[in-house]
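Labels run A, B and C following the written order; every chain starts at residue 1.
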Amino acid sequence: MAGGQVVTTTRTGGALVHEPPAAPTPGREPGTRAKVLRQLTRNWVLLVLVALIVTFWSISGSEFFSVPDFRDILYNASESGVLAAGMTLVIIGGQIDLSVGSVLVFSSVIAAKVIVAIEGTGTTFHHPDVALTVGLLTAVVVGTAWGALNGVLVVALKIPSFIVTLGTLGMAIGLSDVITSGADIAGLSPTLQTAIGARQVLGVPLLVIITAAIMVVAGIVLARTCFGRYTYAIGSNAEAARRAGIKVGRHVVVLFTIMGLLAGVAGAMDIARFTTTSVIAHGADNLIAIAAVVIGGASLFGGSGTMFRTAIGVLIPAVLTTGLIIANVQSFWQEVIIGAILICAVAIDNVKRSSETKAG
Amino acid sequence: MGGSLAPGVEAVAPPSVPALMAEHISKRFGHVQALTNVSLSVGAGEVLALMGDNGAGKSTLIKVLSGALSPDAGRIFVLGQEHVLATPSQARSIGIETVYQDLALADDLSACSNLFLGRELRRPGLLGKLGFYDEARMRAESVRQIAELGARIPDVRARVKMLSGGQRQSVAIARSAIWASEVLIMDEPTAALGIVQTAQVVELIKRTRDRGVAVIVISHSMAFSLAVSDRIEVLRLGENEGSFVTRDTTDNEVVAAITGSQWREARS
Amino acid sequence: MKQRQVEAPLSPVPGLHNKLRGGHKLKQLAKIAACGSAVSMLSIMGASLSTGTASAIALHPEGYLQAAAAAPPIVLPQPAAGSHYTIAYIPGCTCDPYFATETAGFLAAAKQVGISTIVQGPADFNPTQQTTVLEAVVQKHPSAIVINPTNLTAMVAPINAAIAAGIPVMTTGNFVDTTKIFTAVAADSYVGGEVAAKALEKWIPNGGQVVYMDINPGVTSLSEHEQGFDKIMRANKKFTILPTLYANENSATQAADIIEGEITAHPKLAGVFASNVITAEGVANGIVGMSEAGKIKVVGYDASTQEVAALQNHSLTGLISQSPYTLGYMDIANSIKYLNGNHNLPKMQLLQPILIDLANLNQPNIQKAIYHATPY
């Protein structure tokens, strides 16, 4: 037997084996209507969000559907948004970071200490602008350092990120308690709020603008740059990425460092908003960020997800919480409803995307 | 990227300098001597099937040739020039590409992304320096290359995990075939494939060969090896057992070499 | 961490704090006097004979306790004719029987005078969640908001924003660092510490070792308990105060472990003062575990139903109630007064904490001071 039997059917320039026809030949662009439908079915969670907004509008009218209310929702979600942006990168890359709330707290504690050291306490403050700038930058630097530590431990010691970040979660909050002796650092100058925390630009809170900017930049990097693509590749199949010549270890360290940096930014936003640290208030921040990424449809195993969907994943619980309060739903029932809707949202999204897979 | 021959042009007889030559390769793992004094050569535009039973040393030899393992002894020449292949990246940089049995595809990425993984085409100018890749260009190039190789992938933008086994194999082979400028090495490319898909892979390999690339294929399947190769090299227990020109040999002869049976026609 | 932080008002001058208390004490005593109970007149006269500080209690412990027990209910003003008030209550969290009890009082009082209510609270005691709730409630444009602020400083901006949006705000329980609220009601934490000390003095007539179990060094209400407690105990030479214990996880299990360790280390321990619901419940368990129920006297802050059960099995000897049900009534009463036009309410209105023990447990007024966890 010198060779296999090959049945050839000549098609567009190639000698091929006869196979059942598949989807459109490569190169033909789908029409606009098909494109929009495709985007919608991909981003089913967006429809869930719209449905929620419409529902609350019909229940509560302009108490819910008003500019001040939407502004409040976005403002209250700004820190979660920043954390979720970093978590998106980490999870797409096949990792997880549980330490984000603790790093946020630690960054805010160090920043508050620095601010107090520069400007003093009491009723007169020395150089509050300098104190504010140095303090907030310190928060970012401190967060970045924790992130880098997470990354190095995961890569160099080859310990799963769940365990490493569980450890740094404890260490960071513990150190915060040690430094503050459990007492929040308050009495920071009001300049912090007037200059940043409560500031609005054209009616939009500055913190919301910062969060949006971070999400847009991170989203573009994810979707359009080699760095983003390598993140998807590493999350999808780290070995394949390695064989393709991608420096996987270094990339993972960078992912965690970015996450730490963003946790530091969130810590800066926190003290700018409240002019005090809140050591006990961020224990669940990690879950909120992870939930946002997962609600958005990313796989916890890595390799998929987009920043746009994470943004929706941040907004759905935020809209739900505020909407239910305004709708006068009893507090305890709120938690039941939010949990149920989250499950539904993800289930619908899953069904949609797996049916899309089957259709090929 | 790719060979120097235009599609459709028949390859001529292999040039005198082999594309890849390995001389006296030995490798030991602890107490096990995996390879002893193994030599092999393959010319441009030639398909060499590497055969042997389990434990013959085929995988080890492939790993040495692709730069994943360093031999204890022996030398490797590419186009007459000696090289020390310390890492797979180094092997790739001199034009040796390897398709492993596990395919090493990033399932959540598209075929197009996989083809260009690690070697993305950048946008011109500042954007490119910042890392922005040129999706349109890569897509067009992917479509062209895949069509040239005769692979049938409906949408290069679809995620690889949604493709059939044969299509995934095509993507993996295409990825290496596109970038292999000198040697393409493949480890059991049809192990999990059916008849129809195997024939498709045969076609892909032949087209790659026609571009002037030297191809080394490990396979268990006699039918496949006879169908696709120009020469067959047999290893047994870590040593060269026999070299055959495909069109002049029979399956019995090759099997005999694999199993070490005493009956076999003497061939050079 | 679920804890109520009853925090001190800021006073720029140290010591002014006590003077503030003295002033308010007089106003409060005047209120009680206005109700005309003979027994309370006696204790009030006794108290007003003093320099106006809490040492007055030392003179008439029995009289004080009875006076607190006989405190009359709050009189609710009627809403102005033709008005339709909606008053919102935002607790520190929905996680604690203290808040559930205040809610019950709030709702009962509202029903009594026929006004609408909104009750919404964060799941956890933290300012981030509470801010979301506050802002959402503001969108509903209630006539007034009563809030138990979860942080002295962090809640300033959102509360000021609510006031700027035209909604008057008062606080209950904890304090917030803004002068724009129309009043603040709370139970007096410092006096609570003193009451606890007085109770232990009464139950341990021969004196001995006592200890205070705190949660975190930085929670001002708990520190106030300690200050009041220390003041009385240090004055009594029969007592030795052991170093303060900290159950910083605010978990009953940890509190139980800590007290068991303390009893082992100090077998002569005679009395314990536990700072809140969680530590009280934990200490009670630990006491039972060491078979010291009834032998070591324990005063626990707050009066949850579980603490009452501990009272009955002698693992706790006394409870200090902050009368959240009464605070609920005061929330409604003060809101109506303000909305009716009285903008000169006192800045701070402090309730006397009430000591509950087996002797007075079944009196109706005392029963009202227990935190019956009522569903929302």
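Keep in mind that, in the parts below, contacts are C-beta pairs under 8 Å (C-beta built on N, C-alpha and C of every residue); 3 or more make two chains touch, one makes a residue touch a chain.
This structure is a prediction, so every number in the text was calculated from the model and none was measured.
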item	value
Dominant interface by contact count, named by its two chains	A-B
Maximum centroid distance from chain B, chain identifier (CA atoms)	C
Centroid distance [mean C-alpha coordinates] between chain C and chain B, Å	79
Where chain A and chain B are represented by their mean Cα positions, the distance between them in whole Å	42
Residue ranges of chain B in contact with chain A within the complex	88-89, 92, 100, 102, 104-109, 113-114, 117-120, 122, 130-133, 135, 143, 146-148, 150, 152-156, 158, 161-162, 195-200, 202-203, 223-224, 226-228, 246-247, 251
Of chain A, residues touching chain C in the complex	63-64, 66, 68-69, 72, 76, 79, 123, 177, 180-184, 186-187, 193, 197-198, 273-276, 278, 280-284, 321-322, 325-326, 328, 330-332, 335
Sites on chain C touched by chain A in the complex	1, 12, 94, 118-121, 123-129, 131-133, 135-137, 139-141, 151-154, 156-157, 216-219, 248, 375-376
Sites on chain A touched by chain B in the complex	1-6, 12-17, 19, 22-27, 221, 224-227, 229, 232-233, 235-237, 239-241, 243-246, 299, 302-304, 357, 360
